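What follows is a set of structures for review.
Two complexes follow with chain A in common, the first pairing it with chain B and the second with chain C.
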Partner chain A sequence: MINRKLAKASSFRYMILACILILLAGGLVLLPKYQQHEGIKPQELLGRAISPERYISTDEVASLIINQDPSYLFIDVRDEESYNKYSLPNAINIPLDKLLDEDFEAYLNQDEYDVVLFSNDHFYANEAWIICNRLDYKNLRVLEGGLNNWFHTIINPTKPTENMAATAFELYSTRKAASMYFGVAYPEQVKKETVPAKKAVVKKTIVPVKKKKKMPTEGGC
Partner chain B sequence: MKELEQTKRISIASVLFILIILIGLLTYKRPKYIYELTPQQAVENVVSDNFLISLNNIPTTDAAIIDIRSPFEFQKGHLENAINIQAAEILNEENKIIFDKLKNENTTVVLYGANPNEALAPYMILNQLGYTNLKIATINLIYTQNKLVTQNATLELSEADVNAFIAASLKKAMVKEKPKAKTPSPPKKVIPIKKKKKMPTEGGC
Partner chain C sequence: MGPLIPNGIIPEEWNSIIAIIIGIFFGFILESSGFSSSRKLAGVFYGYDFAVLKVFFTAALVSMIGVLYMDYLGYVDMTQLYVHPTYLWGAIIGGVVMGVGFVAGGFCPGTSLCAVAIGKIDAIVYVIGIMIGVFIFSELFELFEPLYNGYFYGNITLMDTFGVNPYWFVFIFSLIAIVAFLVSDFVRKRTKKIFY
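Then we have the complex of A and B:
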């Protein structure tokens, strides 16, 4: 009697097992949503954010611009108004609030260029840097001191006093030369220019060289 | 015989099935920290700028003040009632407990460093992890005569108009220096030198 019932039930056993599995699979829907990490681990981000490796000095940036290094992109993270007022030559404007716009992603998320972020200070640039680094964008740098430092070191370098080391004078002369490149004029520079300007006016006149006619060789003595 | 083979197969399959589930459960590790803010939210938070707090607005009661500089710097001098949690260690186990506790109590946490920039990285990371009760004190710490002085820091203020400076320098350079008009020098006072009267040579010895 029992055997017969069991046999009856056992004929459905595969169906039953399949049903159980399907039910269990349905249970997966009830599991809490897997929290996805968008970006690198926080611990790693902290390690990167603390190191001052990302900073690039104004002198380096000046020489990059003057040498027209093609492997660098300069990105201004201030708002459009300040960007239009003044920015580094050939800089691209990505306002901080539009940092993650799709249009700008190609500039930030790439391997080809080194990207230098800058703002007035380096506070906004750092904010942008941290967010981009969380998304693991590569080759990002921050201009140390930002445009304020740029003004004080490159555009308007302070003259070293006489008791300073020779290196300070060398630095001053290179910075001064850089500032001339960026359009600052110094009175003594103009004076020098006026002298060669006069020389340049002289037109070259072509004096045809008369070929000497070959004379029949006269007899010598 | 056939029946036996079938049960064998079923048992092998079920053992395998259970094993896979077990391995899956054992290897599943919940990450210790999970970002609660998406990058877009983080950008919005940062742009809003309302996490900055100036020196005078730091609440004296009901707020935890955290110094994120190194213990060495902290020993040299720090704000009153501040706790020292070094920036590199904010994600440690014991510090997580502190931050969790402060978050549950809903107390404002004010972070500060030698300048606001230093406190930015710890702030942004903790904020993205969901600690929304954090602020950054916009102060600079300066030592004058071995005494710690706090100053209010200004952030992102354009200090100079570069274009105007360049224009001014051009103008200055263009203006030829006028030869200085000779100021009439004050008439020289003629001090009559009294000629020594030649004395008749007196006889020597």
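Then we have the complex of A and C:
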């Protein structure tokens, strides 16, 4: 009796399998579509955003440039016009609206250099930082305060008043020396040396970056 | 998350080991479902046995539906999967040669090795034929090279060519498959029963 029932049910087995196949395939059509989440998880992004590693100070940048550290890339995210007026030495211009262009991907999405993003203030640079971090690009920093802060601290450092600590004076003299490197002439220095300090030419070199090749995994029948 | 090996979840070194294990199971399943018999394989061309059509069609469908579901749920990144490159005329002419060989010899290259493993003499002859074919092809490679490397269309899929939504494509494809199964059953009932 049981066997006969079983046989009766199993005579439909191909029908049942066909129905399962159609149901599964139809389910794919009916699935609600959603934009697949690209990039890193929100928690991770937040973790990176509040990390103190995110910012780099102008003093650090100045010493990197003076020591000609080859492991850093400076990327100017302002528009081309402002970049042509003034930028950090050896900086690369990637305007914010062209940030995701394929030509520039090799500069941002790599693991060999540390990238310092900067703009006039640090807001646009932060925007670029967020976008690139969501795509899980590595080693990105933001110049704290941007170029405005760069002018206030390095190019035109404020003289400490007499009642300030000795460290402030030390910092001032370091910054003053740095500003001389970047071509600022001080009156007392000009008097001493008859040779006027030359305005350093902002060199715009292009650092070659190997383009990452995405190799497909090979296989086949 | 996936695919597992390109994303480093399984180390690269396991690649060949896993391939060998999967290969062993593939051969075992081919043999246990009777695919090492040239009569069964050739049956699909004479209309008395459609097991080959059903098995490979079902396998393609199951894997397609499975990959799409896993991609939807985020377990596999479909853009990272290997897509076989298309060399149009090479594929067409190669397909014709392979089809003629299939009907004439009663094996496809994979099943012939399976049949060699269980000691079938016709399969041994068939594999020797494959070797001779490989030899001729390699010796005359310069002649065949424009065909071999030409008409390259990149790693395209049917969905790219027709520009259709993959989900709809799979749905229509499974309907076609089930119709094909029904038709093949119908044909099989009409043809003379052959015992082999």
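Keep in mind that, in the parts below, the second predicted complex is superposed on the first by the 158 of 221 C-alpha atoms of A that agree within 3 Å, B and C clash if a C-alpha of one lies under 4 Å from a C-alpha of the other, contacts with A are read in each partner's own complex, and residues count from 1 in each chain.
Assume a residue touches a chain if its C-beta (ideal position, glycine included) is under 8 Å from a C-beta of that chain, and two chains touch if they have at least 3 such contacts.
Since the structure is predicted, the reported quantities are computational estimates derived from the model, not experimental observations.
With both complexes superposed, B is the one of chain B and chain C in contact with more chain A residues.
When both complexes are overlaid on chain A, the residue A:A18 reaches chain C alone and has no touch with chain B. Contacts of A:T58 after superposition: neither chain B nor chain C is touched. With both structures placed on the common chain, the touch criterion links A:L28 to chain C but leaves chain B unconnected. Using the contact criterion defined above for the overlaid structures, shared-chain residue A:T153 touches neither chain B nor chain C, since it reaches no partner. Across the superposed pair, chain B and chain C both touch chain A at residues 37.
Those residues of chain B whose C-beta lies close enough to touch chain A in the complex are 31, 33-35, 38-40, 42-44, 46-47, 87-88, 90-91, 116-117, 120-122, 124-125, 128-129, 155-163, 165-166, 169-170, 172-174, 177.
Across the complex, chain B is touched by residues 35, 37-39, 41-43, 45-47, 49-50, 78, 82, 85-86, 96-97, 99-100, 119-124, 126-127, 130-131, 134-135, 147-148, 150-152, 155-156, 182-187, 189-190 of chain A. Chain contact summary for the complex, chain A toward chain C: residues 14, 18, 21-22, 24-26, 28-29, 31, 36-37, 216-221. Only residues 3, 5-6, 58, 61-62, 65, 68-69, 72, 74, 80-84, 110, 155, 167-168, 170-171, 173-175, 177-178, 181 of chain C touch chain A when the two sit together in their complex.
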